[in-house]
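What follows is a pair of complexes built around chain A, which joins chain B in one and chain C in the other.
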Partner chain A sequence: MQKLGEFKLPHFFNYPPYFTLQPVRATREKQVQLWKDLILDYCRTQKIFVVGVDEEFPLFSNPAIERSLSHEAREAFLSALVSEGRAEWMDKGHKNCLILWYRIQDWADIVVQFARDNGLEDGVVTIEELRSGTESQGTELHGIDRTILNRALKLLEQKGKLVIFKGTSADDEGVKFSL
Partner chain B sequence: MAGHCLPAVELTGSGRPVLLPNEIECYLLSSVDLLSEDDPSNSFPHLKSGILILTTHRLLWLLDSTTATGSSAFAIPLGAISYVFTPKKSLKSMFASPRIRFQLSLSSDGRVSASGSISRSVVVTIVIRGKGDSDVFLSKFLESWRSRAWELQSEPSSSSGSGSNTSSSGMFSSDGTLRMVGVSGILRKEQESWENTDRSLQEAFQDLNALMSKAKEMVILAEKMRLKLLASSNSQTNETNDEEMGSKEEMQDWLLSVGIISPVTKESAGALYHQQLSRQLADFVKIPLERVGGMINLIDIYCLFNRARGTELISPDDLLQACMLWEKFDVPVLLRKFDSGVMVIQNKSHSDEEVFVKIRMLVLKPDALRAGISASDAARTLGVAPAMAKEHLLTAESKGLLCRDISPDGFRFYINLFPDINQDDMYLVKDNGNYASWVRASHARG
Partner chain C sequence: MRRKPGIGGLQNAAAARNQFRLVGENVAKVKTDMMKGQLATFRSQLEEFAHKHKHDIRKNPAFRSQFHEMCAKVGVDPLASNKGFWAELLGIGDFYYELGVQIVDICLATRAHNGGLINLQELCHLLRQRRRSDRGAVSEDDCLRAISKLKVLGSGFEVISVGKKKLVRSVPTELNKDHNEILELAQAQGFVTVEEVERRLSWTPGRTIDALETLLKEGLAMIDDGHRDGKRRYWFPCVSPISSLVAADS
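Up next, the complex of A and B:
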């Protein structure tokens, strides 16, 4: 079976019609479903948060069968993820897509769990520390996309579980938990 | 209808009368009654509201109905008409339906007879209730009746055998010309026949009118040439090279497609034009349809049909209208429009299922599983033109049998595996089914 780095590709990745947007409705629905699942699976295991429509993305082409997705097809599959709430367009031109293999609510739960695990119920931590500090090493939060993290923290702030405060620069933005 | 004196007319599958050799339709009228007012034995039927077709040989009366049964068409040979009455112009006739009366000879057994024992006659009235022009009809009727085309009928066949009067012997044949024997005789005869052919060709091309009058001879000539070609290609297969054979076959094809003897025209059919054209077309397409496997492009039929009609060309619009009318008649063919807009004529019995079975067999072959099929692959298997094959493939795709692959290599079709792929476990391949055979085939590549 073909592999993409560590990622095991399904058989149908070598099926040429998989790379052509199918015009018949029933066929297309199934094709879109398979693409959505594959993109989410791949991004989760490879910790990819942003997919650029026109940039190199390993899934969007298959050199083994010399097929790659057209711009239209890429946008169609990503839009299908967006409409399901599993992705968000980062700009109006639909150039970059934020992939939410965990929803924002799930990310917020992970942040709360992280704070509890590290005794930070009333503590203070910078946002950069959450993403790349020693405590976050080996957790899901490690290397999280800044946009997604901010969104999760904002959600928690609305619920009164923490307060975001601004530092002198973007780097020292921090949060004070009050769980 | 006991004691029926009129012979029935055979109808084609689409409800057009089968014409005699060399018989040509001259005029058509709708909503016509035929009746006899002074027939004591009531042997003449009262025929109500049908289509009357005037040909060079007969008057044909057809029941004007789409559910016509076999026994609803009758013929009156023009030869049996002994007199045509000129209608009197009167004030009354201005308002009533036009009537034309003629005298019809009957034999002693009460049947219509053109010759021989005429025992009595009846006066038959044609009542024209429809819109047709009765004056034009009458003049054409008289013209056909007086030109006695049915008597010329047997002449061409006897003239084709001229010069072979086997009953006479000696140096002179019965018609007084010098009779040649031996090789020189054969050569002479050959020479004469060439000269004749040459002359009729020259005369034919002098002007269009001459061509029209020569048309019948040309058809006979064409048939003769075809037979000759056929005979010589059979006997000399070893000597002729391929190129010659090719051109001969082509020639045969051309000669074969000479010939709708009596094309339906606007002039002759008037208001009934499209309806009659439609029926004639339905009869015509039968043979080309058989040859190409039950489905043919509308454009191809347009070319074939007009070639067969010779000088009486029809417009593409007329063809389309004629095809559209098929829905209303009981004909064995139908017009079909593909999603792409391509229009074809197909047999009603032609089923997509049969085509799909063939496509499925083709696309499940290991090579096709791996690399898909193109329209030309399908064309070879189905025995149709690539453009037509593509329509079949697109139809199969819309039914979910195939799916497409567009790449720099072109537009190809694969068996649709999407339904076979497990949505919950994308790595799962069921042991049986198309997905498994595809996996095997694609692995065989290496």
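Up next, the complex of A and C:
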């Protein structure tokens, strides 16, 4: 079985027609499903948050069988994820795609759990600390995409679980939990 | 002087006929009894054989296949009914019904990928994977037997021969001769190009494209435009081993 680093590639990745968008609906649906699962799976295990449609991405080509996905195919698979709420386009031109292997709601739950685990029920913490502080090491939050984290925090703010306050620069932005 | 037929003569003739009939009946009875005896011996021998080799019949696919062949020769079908002593003795009916259910399952699970046509070898491979924990091996012969029993369901399960390979069809698609020839051609590499079909089968472009389009629409083919030479390839998951692997993944 072919591997990308530690990641085990599924067998369909070695079957050339899966790199061409299929014209027949039933076949295309199956194809899209396989690709959606693969992209989510890969991004989750590799902690990848943003996929650029026209940029190098290991899944978009398979040198072993000399096939790569066309721009159209890449956009089709990512759009399928977007329509399921598992991804979001970051721009109107559909150049970059935010991959949500956890939904925003799930990320919010993870933040709340993190706060509880660290006795921050009424505490204050900077957003940067959440992403890269010593406490977050080894947790899901470590290295989380800033955009996704902000979205999760906004969601919690709406629910009254915390307040976001601005500092003098982006680095000082912080939150006060009230769980 | 000619004797006129008297009552005695008639009686004599009747008595002789009677005697002949009695002897005939006797002979027939002896023969039937002998046959009955032979059949009983045969049956008990077969039972004894089945008893003795019960284990082998269950576990060893080659042995099982030979046992089936032997039964067929003497006109016994152990699968004809789930009742009766064969089933009680061997549980052999259940074995094939179970296989049948699993085969239907696999055909359905892989249908999206292969359009309802699957290579017999792969089907067996998947079947074995699924039954891994289960005791006893499954041969292609077993698969074929189980599939033949599925026919009574009228669900269109059928085994078709394409070239050297056997394919199991689980959709009511009618494949015509043209389609079969393309599938046969595709066995070499897993795919064909329009050019190749025209050249190898000496078909007109219209005939080629028509057949390929049908196969595509039925979900039996997938297109591949990614090759360097820019020629569209038509891949057939049912003749490529990949189909089993995809199914195993999902």
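Quick note on the criterion: the second predicted complex is superposed on the first by the 179 of 179 C-alpha atoms of A that agree within 3 Å, B and C clash if a C-alpha of one lies under 4 Å from a C-alpha of the other, contacts with A are read in each partner's own complex, and residues count from 1 in each chain.
The definition used in the following text is that contacts are C-beta pairs under 8 Å (C-beta built on N, C-alpha and C of every residue); 3 or more make two chains touch, one makes a residue touch a chain.
Here the structure is a predicted model, which is why all the values come from computation and not from measurement.
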>> For the combined arrangement obtained by superposing on chain A, do chain B and chain C clash, or do they fit?
In response: clash
>> Just checking: does A:Ser79 make contact with chain B only, chain C only, both, or neither of them? Give me first, second, both or neither.
In response: neither
> Does the superposition put A:Lys30 against chain B (first), chain C (second), both, or neither?
Replying inline: both
> Between 128-136, 254-262 or 434-442, which chain B stretch has C-alpha clashes with chain C?
Replying inline: 434-442
> In the superposed view, which residues of chain A touch chain B and also chain C?
Replying inline: 10-12, 14-17, 19-20, 22-24, 26-27, 30, 34, 66-67
> In the complex formed with chain C, which residues of chain A make contact?
Replying inline: 10-12, 14-20, 22-24, 26-27, 29-30, 34, 66-68
>> Help me check something: in the complex, which residues belonging to chain A touch chain B?
In response: 1, 8, 10-12, 14-17, 19-20, 22-24, 26-27, 30-31, 33-34, 37-38, 41, 66-67
>> So in the complex, the part of chain C that touches chain A is made up of which residues?
In response: 112-113, 115, 191, 216-217, 219, 222-228, 233, 235, 237, 240, 242, 245-246, 248-250
> For the complex, which residues does chain B have touching chain A?
Replying inline: 372, 397-398, 400, 403-408, 412, 414, 416-419, 421, 423, 426-427, 429, 435, 438-439, 442
